[in-house]
């Protein structure tokens, strides 16, 4: 079709053999990658966007196979013998993966890993290749590259590792660079740096970039063209402007609308303070085995003071390691912390586990990972009524069941779900179950620790709707912890920005978002790409 | 590195001490003594014997004496091999056990890693199934069966190899006991390697290596193999300690004058000093090989490198 | 797994609801090697425990006439050897055998002697394993010739007999009972000790964990053979103590595995959620930790059982196993290994059962591991 298409994919199918039969992950798609452009492939989890590229590159798991056609400059890649395919991969088409932590071999220095494909594709010895690796490391902005070249991956941060991956990808000046969710595992500020780096390098080397992502903000800022995938099919293809301004497919429109929206009004000034923390500090002890004396303390939460009013939502935003989750647990007395914590009229600073127990049903917690927070061996009914078992042991079985039904209805799940097991539900449904587990106890304060971060955008919106609805109907107070500014904005009426265990800035949501005062907050805001 | 080794050796001292203490008292609390024979000795002779070997002293004194002597390398006289000290017995037997164990270790390690790697690369093929079945047999057939069967086939029926004894120490004499000794360990190595190799082949960085067009050989040998060897190296310590200090079964079946037999003979005959000597020997081997393996591990895996 | 649900009530998957355990069972049933292993194990257990009900020989019953006879599907004695046996008996009774005939299960014989024969000589006939219920039916020649009648007792020795003339079939069955029992009981002991020790160490953590694991490390550097031998010598050679001793040695690995599991589970969010709900430590261990460690523990048991059976056989080889006339597969095998050239069947039959059992356990264990593999979830 397109004359300048350097990678032409026609009717590509990817199928996996599973014990339950053949599962088709990609169902016959067409794509064209043109020289020098950035093509974004957008889709939610399970859309087959990654498997498409894995299929083309011959990287499918053993039980997977690709059928159809994918030709690179006239050379058919599907079904190509491994030896010939290896002259293309790593030289003409290279790849960056999502997980910078595991994509590099932990047992070799980064210099050697960058040099390896150079030696393999261009010949020469490792010494010459190392010299090139050094140039590349400098190019991708690794500080002190002469020293870093002999580092092992575990000695680098996530962002630096992703830079090393990029250096590796550029080593042989490829025609096409496939970036599979290159920044999903990174903090927002790092994400911005990596994407900017990719863009500048693309301009310099003139290669095409295939950007696989679920994040429409990134797409809008970096892609020339977009292919929207859903359940193994391409729903829509077009230029970035067309897709964002004039989306044709319902699905694309839904995705664009899924960006969390709406605002929450602040509670009246007269609202009573329900949970208060003053000068809260949490220290972690590091090291210190039986015989080693080299132990130290690490202050994860450093002198934080916050007041949560009835009906209020305080959003706590920060990057990984900022101490925001630790703070949440400390406020619930799930971690030893110093400082004062007051719940309603009681000072709970010195409450132990047993004195806290009767209060637990009023102070609840919802976790990030909907897969990890539900015990895989209990039914949904057992999971959500577990709290009743502690706090209302006098309830009859029938009554407990009735409450479970009520709670499930409240979070928008079929009550029949209570006889099933968590693994039978999708991420969004599981998060609803986790919310039901907290709601069944009729809490007053709920701490929401990244409850939407593991979910697809479209599902995120629904969970946020649900949480907001529950808040109004039960007059709940939330502490909402997240790294995702758009979610924070939609949920909270007051925002605290945290970094390294300290509060950087706090204030009304509008004030923080419209007129951030601190540099760090500004960096954070600028790093976000809005769709 | 040197300080790491020194620190580890220093921390081995209390371990060794506790091992000696536990074994000493465990041994002494067992009913019976070295001179409780089927035909009881006359009381006078018995008393003399007890005095000669200081067994009439209170237990704590015997313990102190033993510890102080042991520090200087004196492990006392053997009660059943009356003309020998324990140190002499071990010095005499150890070279045989070491040589045999070393060959067996070599065979087990090389053979096991090779077989395991092949099985992993051809996962679920007939070859994989065959290798795994043979290695399951290796794990499940006790070596006191393997020994006589090998002897029957190769020494009696085919008459290719001698049936037992150390002979002149040439390879001909060593082959059968070596195979019998190596087989179970070879099987363990094969299973370990297969498992860790399959796991290693599924890691993200192997995907990276393949995505960069590295040939299959490089992917397997430089990237997967090194990661897959880590659990194998961990197993090396207990395995080497067990093989090099001799096997009671193999040494009995093939009549090899190693130290392996001393455990059993000593324990059954309540030869306190002999048993204690072998306990110390094995504990030292275990500790030393754990250290060696830790160093090896550090060389293979930069994440646990000891500076 | 996108849940593109616009309706407030999310539709549920239509398949039948299955717990993780049921899913694992399903996967296990699909694994043919593992299923075959299970079937074989059941058959061997039935053979060992119910088999003795169907054979007439006791495991300690001695047949002096059949010492070290090779296995055969035919009944012993056959006609030729009966004649021989009868001549032997006659010689012992100091009478001359004139006629001898076998018809079905009965025999008739005519014996003569120079002097009058005491009718009580029939005792000599009964004493031989081959003949039973010998009676004098007629006396001739004034007592010098006796006509005898009696029953021929034919014995089947499918597995042959050992050097004491005991039926190997019965011995292999008994050996199976003991080996299986020792394997299971010792595994239960090591399971109990290991799970409690490991879970405590892992859940309490910190300094307690350090000390407890240090102790395990020290036990690891004790020569294992020594420990077992000393304990067996110490406790004596009774059957119950043998599995206690083996279990006491085998719990170390179990403790390490359970500790690792507990440490990992402690960090899981559902344990955090349970703490937030206000569950006590014990409730958390009971409701969350233990149910979630069962998978690896069950898998490990399938590894321990064969290990224990092997260890017991090693003890038997050293002469420290169960005492005769009781026996185990290990004891039978080591006996057989000593007689490998003269009576190979003494080795072959117990060895086949032993190896097939361990083989099946291995396959079942591998299948169980695959079925319970958490990566599949």
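Labels for the chains are A, B and C, by order of writing; each one numbers its residues from 1.
In this section, contacts are C-beta pairs under 8 Å (C-beta built on N, C-alpha and C of every residue); 3 or more make two chains touch, one makes a residue touch a chain.
No experiment lies behind these values; they were computed from the predicted model shown.
**Q** Which chain lies at the heart of the structure, taking centres as C-alpha averages?
**A** Chain closest to the assembly's C-alpha mean: B.
**Q** Which of the two pairs, A-C or A-B, is linked by more C-beta contacts?
**A** Taking the two pairs in turn, the one with more contacts turns out to be A-C.
**Q** Return the distance between the CA-based centres of chain B and chain C, expressed in whole Å.
**A** 28
**Q** From the mean C-alpha coordinate of chain A to that of chain C, what's the distance rounded to whole Å?
**A** Here the centre of chain C sits 54 Å away from the centre of chain A.
**Q** So the centre of each chain is just the mean of its C-alpha atoms; given that, what is the distance between chain A and chain B in Å?
**A** 49
**Q** Taking each residue of chain A in turn, which ones touch at least two of the other chains?
**A** Counting only residues that touch two or more other chains, chain A contributes none.
**Q** In the complex, go through chain B and note every residue touching chain A.
**A** Counting only chain B, the residues touching chain A are 11, 123, 202-205, 207-216, 218, 222-223, 226-227, 300-303.
**Q** Flag every residue of chain A that touches chain C in the complex, lowest number first.
**A** Where chain A meets chain C, its residues are 19, 44-47, 230-231, 254, 289-290, 329, 332, 334, 353, 356-358, 360-361, 363-365, 367-369, 372-379, 386-387, 390-391, 412-414, 416-417, 419-421, 423-424, 426-429, 432, 434, 437, 441, 456, 458-459, 462.
**Q** Hey, which residues of chain C end up touching chain A in the complex?
**A** Chain C reaches chain A through residues 1-5, 8-13, 15, 17-21, 23, 27, 30, 207, 210-211, 214, 268-270, 272-280, 283, 287-288, 291-292, 377.
**Q** Looking at the complex, which residues from chain C come into contact with chain B?
**A** The touching residues are 217-218, 220-223, 225-227, 229-231, 233-234, 306, 310, 313-314, 317-320, 330, 333-334, 337-338, 340-341, 347, 351, 354-355, 358-359, 362-363.
**Q** Can you tell me which positions in chain B touch chain C when the two form their complex?
**A** 15-16, 18-19, 22-23, 26-27, 29-32, 136-137, 139-142, 144-145, 147-149, 151-152, 156, 238, 245, 248-249, 263-264, 267-268, 270, 275, 278-279, 282-283, 286-287, 290
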